[in-house]
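Quick heads-up: structures coming right below.
In the two assemblies presented below, subunit A is common to both, partnered first by subunit B and then by subunit C.
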Partner chain A sequence: MVIARWREKSLGWLMIAPYLVFVAVFVIGPLVYVAVLSTYRWNLLSPRPVRVGFQNYVYLWNSSVFRESVTNSLLLAIGMFVFSLPLGFFFAVLLNMKLRGTVIYRSILFSSYVVPLTASGLVFTLLLNTHDGLVNRVLEQFGRQPIDWLGSSHYALWSVLMVSVWQYVGYYMLIFLAGLQNVPEALMDSCRVDGGSRWRTLWHVTLPSISPNVFFAIVVCLIQSFQTFDQVYVMTDGGPDNATSTLTYYLFSKGFQMADVGPAAAASVVLLVILALLSLLQMAIGRRWVVDEP
Partner chain B sequence: MNRGMMVSISVGTLLSALLAGCGASSAPPSTQSQATGNTDPGSNKPVTVTFWYGIGGQLSQQIQQMVQQFNRTHPGIHVVATYQGSYSGGGAEQQKLLAALKAGDPPDIAQIEVHSMPLFASSGKLADITSLMNQSASDRPTNFLQGMLASTQFHGHSYGLPFNRSVPVFYYNKALFASAGISSPPATWGQLTQDAAKLTRGSGDNKVYGFEPLVDWWPWEYEVMSSGGTILSSDGQSATFGQANAVGILEAESKLVQSGDAMVESGPNYWDLMISDFAHGKVAMDIDSIGSAGEIASEINHKFQWGTAILPTYQGHKLEVPPGGGDIAMMSGIPEQQQKAAWTFMQWWTSPAQDATWSMMTGYLPTQTATVNLASYQAFLKKNPQYQVALSELKYQVSPPASPDYLTVVQDVQQGLQAIFDEGKPVSSTMQQVAGQVDHDLQSMGN
Partner chain C sequence: MMQRGRVRRMAGHLILMVACGLCLIPLYWMLRSAVSTNGEIFGPSLQFLPPRLEWSNFAQAWRAEPFALFFFNSFASNAAIVACQLVTSALAAYSLVFVQYRFKQVVFFVMLIGMMVPMQATFIPIYNMLSVVHLINTYGALVLPFVGSAFGVFLLRQAFTAIPQEMVRAARVDGANEFYILWKIVLPNAKPALTTLLLLNFVYHYNALFWPLIATNSTSMRVIPVALSYFLSQDAGQGLQWNLMMAADVFSVLPVIVLFLLGQRYFVQGVASVSNKG
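This part shows the complex of A and B:
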């Protein structure tokens, strides 16, 4: 009896062992290493890293570039929340109306998510070129002055946001669509029979029914936004004057372009804490309004 | 979907995010594997030398051509040259080299950007080639052109040979100069400012600008040093480039932009855009690398006459020009056999015959005095007089601060220059602010 249970237990451990090893080597290990590195002053090469305690965190606290990067990440997260989620939902509702050509539109809308970010970044760099980019050419047709999309601090972050929205809107659409297709037809009908308008049906039946999907989309959206890197790396290098430097770009630039590993590691610990807090907060809030299926 | 699944998916996303972050620093690419296996001393197989470089496109093909020629003529050695992304300060090749050195699996030799030499040399990961050079027939320090070795040394020891070297020079459109009635390129910033006003004309899309400053930290080094200032204090611990004596040329450039006599390119392709502006006659003067001369010549394609000149001086201060491009260095601690083979390759590359071929093929500077004296190179100079200017500028070469933390300085400065030229912020206060930022960074690094 005892042996049988032990066998069962060890079999269980054995089954998850590959995953555990993977997580230990590639997630837990680096995580601990980064946390340790964040208390050192080091340039990756010098044989003697210097222990500095929490000085790197103090450095970040006093660094205007770091503060700017955190602000930019926050702005991008807000922008993605405000633009890409409602837009994704809008497309999902349209696609759920079972109109003709739905399959084609669904593929088209989702396709941008499949394009590697680097590739779309390069394409948008060309589209947004001040002198001969398509976007400015179109603006000129309407009698507008060309805009320096990537080189002006007023527009650069908007350009990065625009590319991110374009990139991810199809993904959120798909998440919403999956939920919409599971909303019980009978529930919608009964609401309509009771005289509920389209808006009321949407608000009181559809949204609560897909609340797990909405919750999921919000969590993923915020996490993804805080990881914005490729677009910045390809399109702006964090410039002009740090106007598009995000938290992830900052830690990359500090660590690998400037070989200043301590603050970079500290910044990634800060990023981890921010993301963990965001997820916890959302789960706590989500408990109040997410309606799980029985 | 139920809550449990939601939570696990979001946690999964979070973790994969962390993973993605870690990926950047992981092991170097697989090229290394090609190097192993051929080093058995008993076998007749050639010694393999791995070489990482970071100049792409046509230049990459030209490196491969040279390497092939070396391999053909040196049966005992096989050099495997691999392009690893840009070698520029903070570029991909450098990042990979940092990671490879850390992982203990570096290439045998690598191209190192001149401003990054202190970072790598101070780490002890580069072989000290001082005595090798002194014993070498072809690479004795006295064989090299004046100023060429400035960036290859750190604390009095040599860690590299000049590889693809350049200097910034002054470019001007002779046709526009003629129609504005100006007979020669400006020798001073006072003259340049007057000329820029004369050369500027037209409006809207057809406007021709007198000058275009390159919003980049490399020409900025010239701008600081030739204004009479310095970049860092002599101990390398604090920034001095925000002081009044260091911003004169920057101020002059900024004024030209404000008065409408100069235009600025911004965004990720600023450098290419400037080259294209000059080649299309949109600007009459700019400051660019001599390494761009080939590209400029082919873009202009004889549509108008153009020339280069020595960089203008500022208010009687001495002209000081930063080195540009890269050097080639050997890693320390590689097997003796590899060391010998690598050194043979490095000497071959810098010896006059190859030095001349490489230089005439790419537009990078020759590195040795004997190369310049070759009949073939003299003929080349006669046909391409723009390179003569770069050669005469060499004696004004001053190496940038030998600080292992210098990459931080230039990244900070780059953002400051964008604030000045892309956003129109005032020069003096912006540079003071950046200097404060650099002080903050240097204190935290203190390597």
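This part shows the complex of A and C:
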């Protein structure tokens, strides 16, 4: 019996070992390594790592490109929060009316989520073309001046946001819908009978009863915003004048394209701290885990 | 009262139709431009519906770059990723749900970290590690950093929890070993979750640009998103015309759209199961 217990225990560890080894090698190891690298200078000019303490962080603090990148990431996160979350909730409420054809509406609205962002980035570049893009052609029909969507630092970030909203709104819609379908009909009906208007019911009954889904959507939305990269790389290369450079794009261009490892590693630590804080917030409020993958 | 209900339903239909229309415009425009001449796309008399269809664009785009190779690279590396994820996740989830041992809390904590750290923050160390063992620009580099999936463990753990412990205990009493139980009893009872994991993670990795862009540098190792991302880039630009780019876009999107249409309910379940407390 003792031997059987011991066998079961060791088997448990044996079965979980492949996953734990994976996390150790590709998550925790790199996590420690990147923190260490952030205290070294290591680039094409100094091929051997040189210890520099917190200089890389000071460098980031004084770097206008880094500050712009963080600001852009924040603006994108705010934009996603303001546009795609309420829109996703609104669509979910409409789908929950159980109209005929709901399955088709749901599929269409979610379909953009499975399209690769690189492919969407290409189409939007065409749609937003200054002279001949569909968007500007429509604007001209209404007597508006064409907008230089991707070439002006004023509109470029809006263009990136447009792609993100289009891409993710269906995903948030499904998160909200999953919650709404668990709200008992009787609860909402009883509120209406009590004389609450539809909007009041929505705000005071429906929303609180799906609060776990709401918090989940908010945190996933913020995390996804901070990882914005693909469409920036395809559409604007971070330009014009860093107007669309995001934190992730900064990491890529500094750490990979310029091989300036120190500041890039420090920026990675900044990104990790932001994401960790968001995840802690999620756990504290929602008591659940954040999933970085689909 | 009935009247008001009907008006509301009509309004609901109307809003949803408009939303769906707006949502489909980019996809429609991709397709529409893919079957046009380049002159037409940028011409003054552009119409919403194409006057005639230039199907030959697809063949021309396909020949412009080695797309067969890119598709092979994408499918091969992503199939390997998903296969590894299914194995590691199933073993880990089984261990967490059906085997008794101490320190499970520690394992949970480790899982949590695995979920919160994105590749974008750790790509420098991972690149360095893989280049030390000469794996950069190989399938190994594309696959290895993703052989485990926290989402996979999470999803399968949730599905396994729904299977009665008695079934597993009964099999143990009969002398079955754990791997046999996992294979013959647990996995067949978790097919929907396995399908969800397979579809969601395949699509996720098929679409992923960031790591393949960094981990590979030759045309022979290029995957679909990297190929697309080079179309407009200044130094690597291929000089493809827009109609051909859109044709390439269409056949690149096709596999995920087909998977989505075939397995819709699994996608919906996948999103629902991570967002509802389970």
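In the analysis below, the second predicted complex is superposed on the first by the 266 of 294 C-alpha atoms of A that agree within 3 Å, B and C clash if a C-alpha of one lies under 4 Å from a C-alpha of the other, contacts with A are read in each partner's own complex, and residues count from 1 in each chain.
Simple rule for what comes next: a contact is a pair of C-beta atoms (placed from the backbone, for glycine too) under 8 Å apart; a residue touches a chain by one contact, two chains touch by 3 or more.
Remember, predicted model here, so these are calculated numbers, not experimental data.
Engineer: Taking the superposition on A as described, I'd like to know which of subunit B and subunit C A:256 touches: first, second, both or neither.
Structural biologist: A:256: touches subunit B and subunit C.
Engineer: In the superposed arrangement, does A:18 touch subunit B (first), subunit C (second), both or neither?
Structural biologist: Second partner only, subunit C.
Engineer: Of the two partner chains, subunit B (first) and subunit C (second), which one does A:64 touch, if any: first, second, both, or neither?
Structural biologist: first
Engineer: Could you look at A:248 and tell me whether it touches subunit B, subunit C, both or neither (first, second, both, neither)?
Structural biologist: A:248: touches subunit B and subunit C.
Engineer: According to the stated criteria, A:125 is in contact with first (subunit B), second (subunit C), both, or neither; which is it?
Structural biologist: After superposing on A, A:125 lies in contact with both subunit B and subunit C.
Engineer: May I ask you to decide whether A:279 touches subunit B, subunit C, both, or neither, giving the answer as first, second, both or neither?
Structural biologist: After superposition on chain A, A:279 lies in contact with both partners, subunit B and subunit C.
Engineer: With both complexes overlaid on chain A, does A:237 touch subunit B (first), subunit C (second), both or neither?
Structural biologist: Both partners, subunit B and subunit C.
Engineer: Counting touched residues of subunit A, say whether subunit B or subunit C comes out ahead.
Structural biologist: Of subunit B and subunit C, C contacts more residues of subunit A.
Engineer: Just to be sure I read the superposition right, which of the two partners does A:216 touch: subunit B = first, subunit C = second, or both, or neither?
Structural biologist: Both partners, subunit B and subunit C.
Engineer: Check whether A:148 is in contact with subunit B, with subunit C, with both or with neither, and answer first, second, both or neither.
Structural biologist: First partner only, subunit B.
Engineer: On subunit A, what residues does subunit B touch that subunit C touches as well?
Structural biologist: Touching subunit B in the first complex and subunit C in the second, residues 23, 26-27, 30-31, 125, 129, 131, 212-213, 216, 223, 227, 234-235, 237, 248, 251-252, 255-256, 268, 272, 275-276, 279, 290, 292-293 of subunit A appear in both lists.
Engineer: Quick one: which bits of subunit B touch subunit A in the complex? Just the residue numbers, please.
Structural biologist: 1-3, 6-7, 9-11, 13-15, 17-22, 24-25, 89-90, 95, 98-99, 101-102, 119-120, 122-125, 265-270, 273, 404-405, 407-408, 411-412, 414-416, 418-419, 422-423, 425, 437, 440-441, 444-447
Engineer: Given the complex with subunit A, which residues does subunit C contribute to the contact?
Structural biologist: So the residues of subunit C touching subunit A come out as 8-9, 12-13, 15-17, 19-20, 23-27, 29-30, 33, 41-43, 46, 87-89, 91-92, 94-96, 99-102, 107, 110-118, 120-129, 144-145, 147-151, 153-154, 178, 200-201, 203-204, 206-207, 209-210, 213-214, 224-225, 228-229, 231-234, 242, 245-246, 249, 252-253, 256-257, 259-261, 264, 267-268, 270-272, 274-277.
Engineer: Quick check on the complex: what are the subunit A residues that touch subunit C?
Structural biologist: Within the complex, subunit A contacts subunit C at residues 8-9, 11-13, 15-16, 18-20, 22-23, 25-31, 33-34, 37, 91, 94-95, 97, 99, 101, 105-112, 114-127, 129, 131-132, 134, 137, 166, 169-171, 174-175, 177-179, 182, 212-213, 216-217, 223, 227, 229-230, 233-235, 237, 248, 251-252, 255-256, 261, 264-265, 268-269, 271-272, 275-276, 279, 288-294.
Engineer: In the complex, go through subunit A and note every residue touching subunit B.
Structural biologist: For subunit A paired with subunit B, touching residues are 23, 26-27, 30-31, 41, 43-47, 50, 55-56, 59, 62-65, 125, 129-131, 148-153, 212-213, 215-216, 219-220, 223-224, 227, 234-242, 248, 251-253, 255-260, 262-263, 268, 272, 275-276, 279, 283, 286, 290, 292-293.
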